[in-house]
Amino acid sequence: MFIAKVIGNVVATQKNEKFCGMKLLLIQPYISKDGALQISGSSVVAVDSVGAGVGECVLFTQGSSARLTPATKDAPVDAVIVGIVDVVEVEGKVLEKP
Amino acid sequence: MFIAKVIGNVVATQKNEKFCGMKLLLIQPYISKDGALQISGSSVVAVDSVGAGVGECVLFTQGSSARLTPATKDAPVDAVIVGIVDVVEVEGKVLEKP
Amino acid sequence: MFIAKVIGNVVATQKNEKFCGMKLLLIQPYISKDGALQISGSSVVAVDSVGAGVGECVLFTQGSSARLTPATKDAPVDAVIVGIVDVVEVEGKVLEKP
Amino acid sequence: MFIAKVIGNVVATQKNEKFCGMKLLLIQPYISKDGALQISGSSVVAVDSVGAGVGECVLFTQGSSARLTPATKDAPVDAVIVGIVDVVEVEGKVLEKP
Amino acid sequence: MFIAKVIGNVVATQKNEKFCGMKLLLIQPYISKDGALQISGSSVVAVDSVGAGVGECVLFTQGSSARLTPATKDAPVDAVIVGIVDVVEVEGKVLEKP
């Protein structure tokens, strides 16, 4: 899994029927580097399965495992938010969330 | 999932029989960066499952989840278009589609 | 899926028994960029499932979906050629094949 | 699999129910280069399945295989620690662990 | 699949029980470039399923397909060596093995 910040949302009217009712969030992955959380890699569109909102720091899962939440079961989905991050601690120091 | 623009199409006559009748589109992934949608990564060949056409902004899924649409069931496919994007909103601002 | 050119082949005598009889081709992925097909990424070893040969432009599939052809069923294979590309058209222009 | 060093941990209270009781560790992948183990790629959040702790050198698995440990069965998890590395030997030389 | 050279091995005593008896090899991927096999990407830890040893040129498979050998069945493994490479031929020329 990776840590990310929810930065926006995506609306699609014409879509696969399994996407009806799903909340699609745009997220920006972050990594731990030099004692801080820093932007890393490309923004991703993930399904929300935990009630996340814009501005929150989240944990997301990719690949086939993204289908193993109640919100995404059997859907053609490859990224899902599985938790809202409270604390990231590196070598005894709590990192500031982005 | 990632956002992409449909930029072309691919024709293959000699192919796996599961590909018969599939529409193969060439898509260019985009990410959100500096408040705009920008090209990111390599062009991909994806199966269309929602009636997308050249010039449209779409959402696509990769990996085993790409087989979970009616158009791609049990086929040796690793990328599928699952929605046509109407709006991408980042921090309250609607981004211009590519 | 990605587009690639078949550039060579690989021979392995001591191997997993599921590989017996498989044709292993070395392929070089190409992407569409600036109105042309250009080399992108690393060469890959893929199983041929459509009768492709050196010099041909092909379509290949990766990951678990690579096992969904008659040639690769239940085999420890993560890349397979699924079609021979006739035409790649971008914004109304047919690209020259590599 | 890749080698990594456990550098911290992640706490998430609001999360998918399958994550309850899981220990989420932040790990930094390492590769062998020029006769030493060097940092490579982005930090990853992985579930611990072997009793690993901060500062230890571990082996981790990604993708659908990450669900094949007792700690991660059927969970929406894409990275898991599967072993604690004692020795990495390259061309007869034991590399110093990070 | 990719071509790699076996450069070392990894020992882990405390590990997932499915790893008991597995031989873990450190491998360095190679690609074909400019008429030669060249180092590409990060070193990987792969399970040996064909009796490979340090210094040999091998073929390896990643992802869920890595579980489809007798040595790795149902194990939390994402990389496995599936063959020992005898010859890599590019455009009629046999490449020197690394």
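As written, the chains take the letters A, B, C, D and E, and residue 1 is the first residue of each chain.
As a convention for this text, contacts are C-beta pairs under 8 Å (C-beta built on N, C-alpha and C of every residue); 3 or more make two chains touch, one makes a residue touch a chain.
It should be emphasised that the depicted structure is a prediction, and the values quoted were computed from it without experimental measurement.
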item: Euclidean distance of C-alpha centroids - chain D vs chain E, Å; value: 20
item: Chain centre separation in whole Å, for chain D relative to chain C (CA means); value: 32
item: Residues of chain D engaged with two or more neighbouring chains; value: 63-64, 66-67
item: Chain-level touch network, classified as line, ring, star, complete or other; value: ring
item: Ring topology as an ordered chain list, initiated at chain A and continued via chain D; value: A, D, E, C, B
item: Partner chain C, residues of chain B touching it in the complex; value: 7-16, 18-19, 24, 26, 28, 42-46, 54, 63-64, 66-67, 74-79
item: Contacting residues of chain B [partner chain A, same complex]; value: 1-3, 29, 31-33, 40-41, 49-51, 59, 61-69, 80, 82-91, 95
